[in-house]
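Below, chain A partners chain B and then partners chain C, in two separate complexes.
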Partner chain A sequence: MSGNRLALCLFLGLRALAPGEAPVQRGGTLVAALRAEPKTLNPLTSLDSPSREVIGRMNADLISTDRVTQSPVPVLAESWSVSADGKHYTVNLRQHVRFSDGQPFDADDVLFSFQAYLDERSHSPQRDLLIIDGSPIQVRKLDSFRVRFDLPTPYATAIRIFDGLAMLPKHLLEKSFEEGSVSKAWTLSTPNKDIAGLGPFRLKEYRPGDRLVLERNPFYLKTGQPYLSEIAFLFVGDEDAQLARFLSGETDLMNRVSARNVPVLRSRGMTVEDVGPSLEYNFLFFNLTSQAAMPGKEWFEKRAFRQAVSAAIDRQSIVKLVYFGLATPLATHVAPSNRRWAAPGMSAGTASPAKAREFLRSAGFKWDSEGLLMDGSGRQVEFTILTSSSNAERTSMATLIQDDLKKIGMTVHVVSLEFRSMVDRILKTHEYEAAILGLGAGDGDPNSEMNVWLSSGSMHVWNPQQEKPATPWEAEIDVLMHKQEVEIDFDARRRLYLRLQQIEAEQLPIISLVSPHVLVARSARVHNLRPSILDHYTLWNADELFVTPAAGQSEPRR
Partner chain B sequence: MLARGLYRVFQSAGLLLLISSLWFLALSLAPGDYFDEARLNPSTSAETIAKLRDTYGLSQPLPIRYGRWLRSLAHGDLGESIAYNQPVSKLLAPRIRNTLLLTGTALTLSWTLALALGVWAAAGRNRLADQALRGISGVLLATPELVVATLLVYWAATTGRLPAGGMMGEHGGGFRELAIHLALPAIVLTAMAFPVLFRHVRLAVSESLHEPFIRAAVALGISPARLWWQYILPAAANPLLSLFGLSLATLLSSSLVVEVIFGWPGLGPLFLESLFARDTYLLLAAVVLSSLFLLAGNLCADFLLLWNDPRIRKAG
Partner chain C sequence: MNRLLTVAIIAACVLFSLAPVFAPYDQNEQHREEANRPPTRVEFRTAAGAPGWPFVTANGRQFPVRLFPRMRHVLGVPEPAHLFLFGTDEYGRDIFSRFLYGGRRSLLAGLLAALVAIVIGFTAGAAAGFKGGWLDSATMRCSELFLSLPLVYLLLAIRALMPLQVGEVGAIALVVAAAAVAGWPRPARLVRGVFLSAKERPYIAVARSLGATDAYLISRHILPQVRRLLWTQAATLLPQFMLVDVTLTFLGLGEGEPNATWGGMLTSLRHFSVLESHPGYWFEASLIGVVLFLFQFAADRHARNVVRTTIG
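Our next item is the complex of A and B:
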């Protein structure tokens, strides 16, 4: 038995004996809700989060990121080594591992998987992760259980690439891959026998529009696990309906609860765990694109204007009124829960209309007799903030910001648009003045944000896809992001990223607002749940979960 | 009669084409597309999104896309869902069955109740029972189905007596499981359709009862059973047959909302999801199918009228 396995067994054994924790029980079904139906079971093509939630339970990666420690942990890999120049990774695979259809897993499956992810015909969104500095990662088989990965340049987070890349069964997908139709494989109508993974569960049943049921994978690599016989995912369209199903005992888990529903759940004696600030950051930003020909654009370009707006916003009120205290104010986009990367000593501070007025005065703004803010040429400062109509929290935030900015004489209008219309305006037509968005990288590492911070990035929302950096500070950020991408030493990388956060706090291209907490509700019958701030919040350790009949509760209606 | 029937069929086909064209145009002109959500994923590049859009033909001009869709429709192919990456027909088939099960149940229940109580109320016009039924139908008529549905979901969630949503239990099928999941959405749809149907049945039967030929039949001493089955009810049938098509259409459109609230796996949730996701071909197919049901209901009512009323046959 390897050291890792022994440690895991010891850990689970001690956990089982811990006072107050129920002993492990095998069998039973855990019922969770998905906000939409998964669209595919194909790890290559999944774009939507419900598909990824299901696929994640059916598949396994070579190396995964531990959701609690955020460190890499081996899954299908037994061990790995890195060359001195940081460009070559040798991964030793576990032996005697089988897919859920009983077929053995080896280096050929790894080679095939990377070939499939990298092939353009697969239309895989993960392909971007495997292209480093314009060149794809090269994968070579050393023997049946050893694989070598050659990177074109040293890559700081190479090991994290393996997290979320499910290893695929060559014996089932090779034919469709060769025919160029692998992107159409493993849809929801594919027979169960034609789908196999290396995760703790495999497909049992799919009832269109109603539910998808996974059953225990008898060939799972961890002996004796998973403990559950089944996981049933019910398709429940919105959170209120999910709440109703949870309260009536039809489901056991709510993966992400809105703060507004926490009092309802707690008043009914349900357990709601506050895992802490998520990696999601909500922010206000102004349109700084060169195409934007609108009155007021010159205000947004003034740093003092953005500083004034930031100083006037009462983030504590947003936390209290929008999230009922279950959110954390942000000074930069990095939430304090992202301990490895958050800048120490940076706090959002309290709202200060007086300080905001000072910033505005220094930039030549004035107030008329009615207290309305005027720019140097006598034009009233008035603009519109776009929000998504499907996100009640962001609309409420916009309304509170409207009120805060009124105190310094700004006239702000709030317009809620349908989500895709809003994205279209921000990223394509640039027909907007200011907007509130929320981004939440699934990974706390800076490399997952390259597209946001590089001036050429399509998600550089305030001024996307620039041919060359529009400002000196954006040019500096470009340099910082490129440097950290290839820097192997963690402390050096961290210094680069802290400098980026410093620039962000000074220049305020985005005005970070708050990070909502990850809130998880579970019934008393679910055990071993260790919610995380990283996605998937609750089912990441599905192989360790078990259910017991809850004391004093009748068998729930399913 | 045949000519009139064929004319109505062609008219319906033209209407269907018009509806699909307008929806296609509206969807194509609306800002954004299916891949906008992926655009917000910082680790997905703009190039990847552009390639995905090309793959699904989203970057082609509108007339070409519409022409292709019409051509495939003519061959019985409803296109392919962008989100699900599979033929739309495969996605729709089980959902149509579920929607028809729900609306069929509600249609049967509401018409049975409306016919029985409408005839009874008309026969005893202005009595206490008639007044009570009119009062109840008035209250139901004034209450939006959204309110009734929400109240029932709340009741189910707090008491646990019936499931708050879904279609089947943990262990799948069985008539009992289906019936208990069907109960609440069917009650809401029935409660919504009943008052209109009841009022029409009551009015139609009341008017028939006061026709001179009915009074003559009574004077001739015809038995009450024969009077009702051969004279009163056939005379009251015409407006009710017209109402049948309308009730089917109303129930289908209301069922979309009720299905979403109760998580009933019919066309409703799929329609809503495809609308928000801008899954163009799936949405178009759902719209075409819903319109087809509506037109089929109206056609059905027209043919029943033709069959029931010799005056219409003669005019046609």
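Our next item is the complex of A and C:
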């Protein structure tokens, strides 16, 4: 037994004896719920959340981001080094690692994986991450267990590129890759023997419409782990149905609980953990695309108008009434929980209709005898906010905002649309006036927000995919985002990002509202759970989880 | 029984029609500090147990329920007390007040829709039955076509033709449009039957031979036979179209927030947490069911009475 393995065993043994914690038990099935059936088991093409939840448990990255500390931790890599100019990364791979079908893993698999992610025929959503400054990352094999990555320019978060890129088995996928059909490989109907990964679990069974079961990977790189024999994912359509199944003991975990369901769970003695503000930010924004599409709505372009709206919104009421206190009001899109990047001293403040009226007065707005707000040319200020009909929280926020804005004379209508239809209106046809959306980066780093803040970005929601920045402040944001992308010094990067937040607070292209807390529920039989504010909140350390029989029963009812 | 039913229907109609008067609060008035409150407890006995004027307790003090405490409101209590008879919703709005306002709106939509369906149905049925020939065939094939259309999909199609944001008028127009398209075939077919039968009667032939015009024949001899039938149809269609309005707003296709709609209020009950811990929504949902049942039950009884008296 190597020194490392001995140390690991000692550590696990000591953990098993730690006071207050149940001793590790091997075996058993942990049952979780998925909102929908996964669309694929292919890490190259997976986009939907259920697929990624399952694939994440079946595969491993070279270097991962620790979900609690948010620092990079080696997984398939044993160590790595960076050249002085920040452009060359050398990764030493772990040896004696095997795929879940027993085949060995080495540098050829790494090369193959990056080749597959970069190939346009793969249609991989991760491809963009591997293109820096217009050039793809170059990957070279130094020997069987050493790989070098050459970046065209220094890249601030290069190490995070490796997180979320599952290493693929060359021996299973090479043929389909050469045929150009790798994006169609590993569907839900692919035989188990043809799918292999390096994660703690591998596919055991898929029952359409019912469940997908993963079983322990006997070749997993951490000796003795995972502790669980199986993880079963039940397909349970919505949160209320998931709640009912959790309360009846059919599932062991709820990965994300809505605040409204927390009292229900706690009243029944269930454990709900408040992990803190998430990285998700909900915001109101106005259509700032060309006015040709929005006749008569030039108010939205006035900064004072947006400032007035922001000042009139009672974010505390949103926190209290929509999230039952389990959310945090936001001044900018960066939640306070994102400590590395949040601007210090920026707070959302309290609602002030008086201040809002001052802003409006300064911009030439007036009120008629009935208190209705009129613009300089005598038009009544009236607009419609779109929300997603599938998100009760955002619809509630819109209703509260509607009432808040009524106090300053604005007439606001709320329309709930099916999510896809709403997104099409915002990003494609621009047929809307205002909308409430929520975005949640998978990572607290600014680079995960490039698509939102660059004026050319497809998620630059208030005016997407501009050929050149429409305003001077958007041009400045473009410069800031490009600079931070290649800046290696953390403090310098932080200064750039703080300036962005300052511009955001001044110009209010988006009016940040609240960040809901990450709330997870678990049954008493689940141990070692360390929920995180980063997705996946509960199963990111699935290899460390174990279950004990619930009190008074040997196994929960399935 | 009939009298009791009539009184209940009239009472409901008066309550809904005069919702702004009978509701203690405006439908959109938010009391954010009082969100998700259970129904206010109204006490009718003093501390000594003697019966007395109803009052509510707030901050340790008793506040009598007052008549006309504010302009246009029949009932209320002085601040800081509140009179939330069914409790409050997630924004602190009075559920009872919203129930009455929602009822007013559904009743209005139902009445207008029933009227439109009857007018179109009568016109089409009368023309088909009286004129016969190709007009009769065309009208009947059309009615069969429209009877076969599934109502929900029809509503979706009509909604898609309307602008994104529909206000109260637009939402009611939607129900009326649905009625115009889907509601006319039944009354049309029944009216046609009466016209077909009546025009073959000997006294009609005699009247015609004496020079009576079509208009005279219809107004003098046929309309009286159709009148009761139209009333019965109107009574049957009213709850159906009220239900259409509830369905539309439940699906989010009618009028959106903040105005009260029965369908919108029922959507809250889709959440497990609301089902479990907010009794006010149960009152409201049960009452919506009871009111719609009452209207339907009354329509059925009326139809039975008509059949009995006609046959008898």
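Operating definition for what follows: the second predicted complex is superposed on the first by the 534 of 558 C-alpha atoms of A that agree within 3 Å, B and C clash if a C-alpha of one lies under 4 Å from a C-alpha of the other, contacts with A are read in each partner's own complex, and residues count from 1 in each chain.
The definition used in the following text is that a residue touches a chain if its C-beta (ideal position, glycine included) is under 8 Å from a C-beta of that chain, and two chains touch if they have at least 3 such contacts.
This one's a predicted model, so the numbers in the text were calculated from it and none came from an experiment.
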| item | value |
| --- | --- |
| Clash or fit, chain B versus chain C on superposed chain A | fit |
| Residue contacts on chain A - larger count, chain B or chain C | B |
| Chain B versus chain C as contact partner of A:Val31, first or second or both or neither | first |
| Which of chain B and chain C A:Pro263 touches, first, second, both or neither | second |
| Apex chain A: angle to the C-alpha centres of chain B and chain C, given in degrees as a multiple of 10 | 40 |
| Partner chain(s) touched by A:Leu400 [first = chain B, second = chain C, both, neither] | second |
| First, second, both or neither for A:Phe235, with chain B first and chain C second | first |
| Contacts of A:Asn192 with chain B and chain C, given as first, second, both or neither | neither |
| Contacts of A:Leu321 with chain B and chain C, given as first, second, both or neither | second |
| Partner chain(s) touched by A:Thr411 [first = chain B, second = chain C, both, neither] | neither |
| Which superposed partner A:Ala244 touches (first chain B, second chain C, both, neither) | both |
| Chain B and chain C, minimum CA distance [Å, superposed model] | 9 |
| Overlap of the chain B and chain C footprints on chain A, listed as residue numbers | 243-244 |
| Of all residues in chain C, those that touch chain A in their complex | 28, 30, 32, 35, 90-92, 164-165, 167, 252, 256-258, 270-274, 276-277 |
| Chain B to chain A touching residues, read off their complex | 30-33, 35-46, 48-49, 51-52, 55, 83-86, 90-91, 94-95, 98, 153-154, 156-158, 160, 163-172, 260-261, 263-266, 269-270, 272-273, 276, 278 |
| Residues of chain A that touch chain C when the two form their complex | 240, 243-244, 260-261, 263-264, 314, 317, 320-322, 384, 389, 392, 395-396, 398-400, 402-403, 413-417, 431 |
| Residue ranges of chain A touching chain B (in the complex, touch as defined) | 29, 31, 36-37, 39-40, 42, 45, 47-48, 120, 123, 125, 127-129, 183-184, 187-189, 205, 207-211, 232, 234-237, 241, 243-245, 247-250, 390, 418-421, 423-425, 427-429, 437, 439, 441, 448-452, 457-459, 465, 556-558 |
